[in-house]
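Every chain is named by a letter (A, B and C) in the order it is written, and numbering of its residues begins at 1.
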Amino acid sequence: MFSYILKRLAVAIPTLLLLIIISFLLMRAAPGGPFTTERGLPPQVLANLEAKYGLDQPLWKQMVNYVWGIVAHFDFGPSFIYKDRTVNEIIAQGFPVTLTYGSISFLLAVTVGVTLGVVAAIRHNTWLDYLAVGVSIGAQVLPNFVMAPILVLIFTLWLRWLPGGGWEGGQWQYLVMPVIALSTSFMASIARITRSSMLEVLNSNHIRTARAKGLPERKIILRHALKPALLPVISYLGPAFVTMITGSVVVDMYFSTGGIGKAFVDSALNRDYAVMLGITILVGALTILFNLVVDILYAWIDPKIRY
Amino acid sequence: MTRSLLLSTVLSAALALPTLAAQVQPGDVLAENQEYTYWLLDAIKSMDPQINTDVEGSGVLRQLFEGLFNEDQNGALVPGVATSYDVSEDKTVYTFHLRDNAKWSNGDPVTAHDFVYAWRRLADPKTASEYAWYMELMQVKNAADIIAGKKPVEELGVRAIDDHTLEVTIEAPLPYFPKMLTHASTFPVNQKVIEQFGDKWTEPGNLVGNGAYVLKEHILGEKVVMERNPLYWDDEHTIINKITALTINDENAALTRYLAGELDRVQIPAGQYPRLKAEYPDQAVSVPQSCSYIYLFNLDPEKGPEPLKDVRVRKALSYAIDRDIIVNNILQGGQAPAYNWTHPATEGFEMPEIDYATWTQDERTTKAMELMKEAGFGPDNPLKLTLNYNTSESHKKIAIAVQQFWKKIGVDLTLNNMEWKVHTDKLQNQDFEVARYAWCGDYNEASTYLDLFTSYSGHNNGKYFNEEYDRLMKESKTADNPAPLYKRAEEILAEDMPFAPIYHYTKVEMIKPDLRGMGLNNLMQNWYVKDMYRVAN
Amino acid sequence: MVVDSTKMQRLADRLAEQEIKGRSLWADARARFFHNKAAVGGLIVLVLVALFAIFGDMIAVWSNEELDFSVMGQVAELGGPSIANGHYFGTDDLGRDLFARTVQGTRISLMVGIVGSAIAVIVGTLYGATAGYLGGRIDSIMMRTVDILMSIPYMFVLILLLVMFGRSMSMLFIGIGLISWLDMARIVRGQTLSLKHKEFIEAAQATGVPTFTIIRRHIVPNLLGVVAVYATLLVPLMILTESFISFLGLGVQEPLTSWGALISEGARTMAYGTLWQLGFPLFFFVITLFAFFFVGDGLRDALDPKDR
């Protein structure tokens, strides 16, 4: 197990390098640069700018310098657009925000989703089941860029219960709508997956045996059925987590939370090379880490799997 | 003539108005709450006056710093750090007299040396400022050579005669030179602070300004908070205590939050003004703003499409656009249909007679069809063109409407929506046929518009060239009264039609009814929170 | 918004076991599928939506790009759904007919969904089958590559791709398709591994049939069940992805539109009294996605009776 983890982490390094190279080249191939502005810059000013940010060097050298900066000093460079800030600062400000509302949404989606799925499976083919299935598919297909403005209209404009946006250090009033907007569709997916996998487990032989033995239903479900039924949910969590970070773009845009989702899209559109690469690497590293955690969890729950 | 007039305005303003900050009108009772919250579409990119490039950033900088001059409610110059100035006989040396009670927010006095430092910093290649060209535009002596790295910054035509006297030498007479001094990139900065903190000097806590407000918080993508600066020389007349600028990336979300009472000022999305005006007559406002919106034709000898080199085709394209539909049915925010280039409200600008402006749309369309026929295009030989525009709801709507207008005269227009950077890049490399373009004046004078279409302008992206036009614009720099020259220049543009004018901007906003002193009549839409206040009645 | 890969894996395993039983599998599956009310309902909805996309133009009074100047500028008052002026679904902000635009958006969205998932499935199947069949070193290199690619945040790369190449339709198809082939490749590889040692494959090998012919003729057809289910469940995810891309403003070019573009436009203006601009496209979007989910689940259950 331990050597497996080490091996996976060793693969992470070339993976991240590959990611850097792909993003770097894609970004540079895109038309326009960070200093392409409406007014257009006189050539000498542009030259001064490029010299300042090292863009006048050959591409390979820029890439080597960039990677070396990260490896040697953990320095992701300066932002080309937010010139008062470094990439480290931008990420240090935005990532905790995204992580906060992201993790809360994630936990909420998992707990509510699993509960809903289990209840629907136990009450299979009752109105409760149909309701759960209907609601969860509905929630899954309602894009969060539709949900976000609806929430603001209801809670901010009509009821005046919640502020329409902002972060204010993450006070609860500012968290409610972002979390709802972000978690709903994941909650729904998790509920669907849990329900169908629970149904399958409940029909399996070992549960039938347990029932035949006369064990109480509650015990059967909690002791014997839940654990195997969660396997598919767990393998869903890795990709879900990443999709959640991407989905935070919408949250950042509607609720002015100041997270890294919007920062990423902006950096791509503004050609803020360094910020874009920094966030890509961060999310890439998180993806790798999360996939690993999921695999370990998986092995822990399902003893049949050995690495 | 212009010079002395301007000079006397400034001087008399200095004498007549000892208090330049908020002037509470008789009968106004001040409200308890004196806080002001406004909307930013995007995060502020930089709080450094010499690095900032955008309008929203300048809005913040005008609160944190103060230049030689400010603008009053109508956009006229009023003293800032400078109380008056003299001009030499040949109109190339300006001597500014600075007030002796101006202070930085750390208590240091504001001196002429701070201006010298800031202006050199703007031109210095080491600063690599994107607005370095503004020094060139101001014609400050040696600016061009310094930016190009050919001369040391010390040779810039600006020097401190003593702590309170600043002398600026410009290359050639420039009648509107003082007007250019309200621009944020000319604001002074504190050398000591910049040298102490380096790139970190603009962080809240480090930033030292000489404006009426100091920076408290700056969180990217969320907000900027400023509080009044007790050391500002005119602090006793400042009324608003706290300014908050909230970043909201979606204009509709911003409007919702305004309606929920979270903001005092937002922009109204295209098409929503009439409804909001009916519902909130005391809050919805539409005032002229110094920007013009056009469709630029690519006339580059090599890269421009052949048909557009025919002036008949260009005229036909321009005539066929129904500007009334665009302003009345699409934008609906009181914008003015445009048949010329310079914003008509620009100070000292006289509108020439432009023939097609007086025609009805039917006449224009008929004429357009004739011209197209003459040029050899028709239903069986449609003109195929591509229009580039950058991603935005209202650019898209206008493009779609124009596509339909042009269809009537046999033009097959392909819409090519691209994000901003790509659009700009293609524009500057003449990689387009027709492109959406807009220009906002840097100062309140027609040359900020008209200079653009000279062959030697760096922004003439359509590569239009007319000898007479160039000559007129060169002459205007030294003319006592440039207005007739500008008028003639506009006539040439209407004859040659290097672009199709579409509309002149207005600023369409919702503003809370208890706010005063917003400076809405200032065409440049430069506002100073120190002049604002809230009333209780 | 990811297909439940564990279940797909299990389905694949079972289909591989059942292979020996022969063709009756499909007949049984069909019978079971048509007994599933939700799945049949979904199928009917899909057929109707497809008919709407194909023939909707014939009923439309307006084209998808004409501006109705009588409505333009007063859309909230005059642009509502109306039989009288031919705007069955009302108009958009510019006075363009929303019915015609919904028809056209339906075409694009369905196309993006179907082509995108086809790309994902084809690439995934060929890649997985090749890796599984060849085995050994090549297999481990190919699968290690998949592992690496799995760690790339694809939505980010997709945004970069669209920024770089401009918003071309083919880029959108390819970009969206390439997001999802990795899971497919893994599943197919697993199944190929178990098929490889079946007698009929060994027989083919013994008679000297070329490798790729074996993959094409014998391996791939046996994967059809999984592929069908996976593809059906992938379509709605592709459509969702496209809608996100459209929301970011990186979707198809005007005057073309898609559900995502229509919905995000409608969502922007929903507070301004033009709710139909959101309602109609969202209705089609939601029922179609529902239908795809039901059909996909139905197919899987039909092919994998042990689930019930």
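By definition in this document, contacts are C-beta pairs under 8 Å (C-beta built on N, C-alpha and C of every residue); 3 or more make two chains touch, one makes a residue touch a chain.
The chain list, named the UniProt way, goes like this: A = Oligopeptide transport system permease protein; B = Oligopeptide transport system substrate-binding protein; C = Oligopeptide transport system permease protein OppC.
Note that this is a predicted model, so its numbers are computed, not measured.
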Per the definition at the top, count C-beta pairs in contact and tell me whether A-B or B-C has more.
A-B
Chain nearest the overall C-alpha centroid of the shown protein atoms:
A
Of all the other chains, whose mean CA position lies farthest from chain C?
B
Taking each chain's mean CA coordinate, chain A and chain C are separated, in whole Å, by 22
Based only on mean CA positions, could you tell me how far chain A sits from chain B in angstrom?
40
Calculate how many whole Å lie between the centre of chain B and the centre of chain C, each centre taken as the average of the chain's C-alpha atoms.
47
So chain C residues touching two or more other chains come to 163, 268, 271
So chain B residues touching two or more other chains come to 250, 252, 256, 419, 422
At least two partner chains per residue is the criterion; list those residues in chain A.
30-31, 149, 153, 157, 269
Per the contact definition, I'd like the list of chain B residues that touch chain C in the complex.
250, 252, 255-256, 269, 271-272, 275, 325, 328-330, 332, 391, 393, 396-397, 399-401, 403-404, 415-419, 422
Touching residues of chain C toward chain A in the complex: what are they?
1-2, 4-7, 144, 147-148, 150-153, 155-157, 159-161, 163-164, 236, 240, 243-244, 247-248, 260, 263-264, 267-268, 270-271, 278, 282, 285-286, 289-290, 293, 297, 306-308
For a test of understanding, state which residues of chain C touch chain B in their complex under the given definition.
65-67, 69, 72-73, 75-76, 93-96, 163, 166-167, 249-250, 253-255, 265, 268-269, 271-273
Complex contacts: residues of chain A adjacent to chain C:
11-12, 14-15, 18-19, 22-23, 26-27, 29-31, 137-138, 140-143, 145-146, 149-150, 153, 157, 185, 189, 193, 196-197, 199-200, 203, 231-232, 235-236, 239-240, 242-243, 245-247, 249-250, 264-265, 268-269, 276, 279-280, 283-284, 287-288, 291
Would you mind writing out the residues of chain A in touch with chain B in their complex?
30-33, 35-42, 44-45, 48-49, 51-53, 78, 81-85, 90, 93-94, 149, 152-153, 156-157, 160, 163-167, 252-254, 256-259, 262-263, 266, 269-271
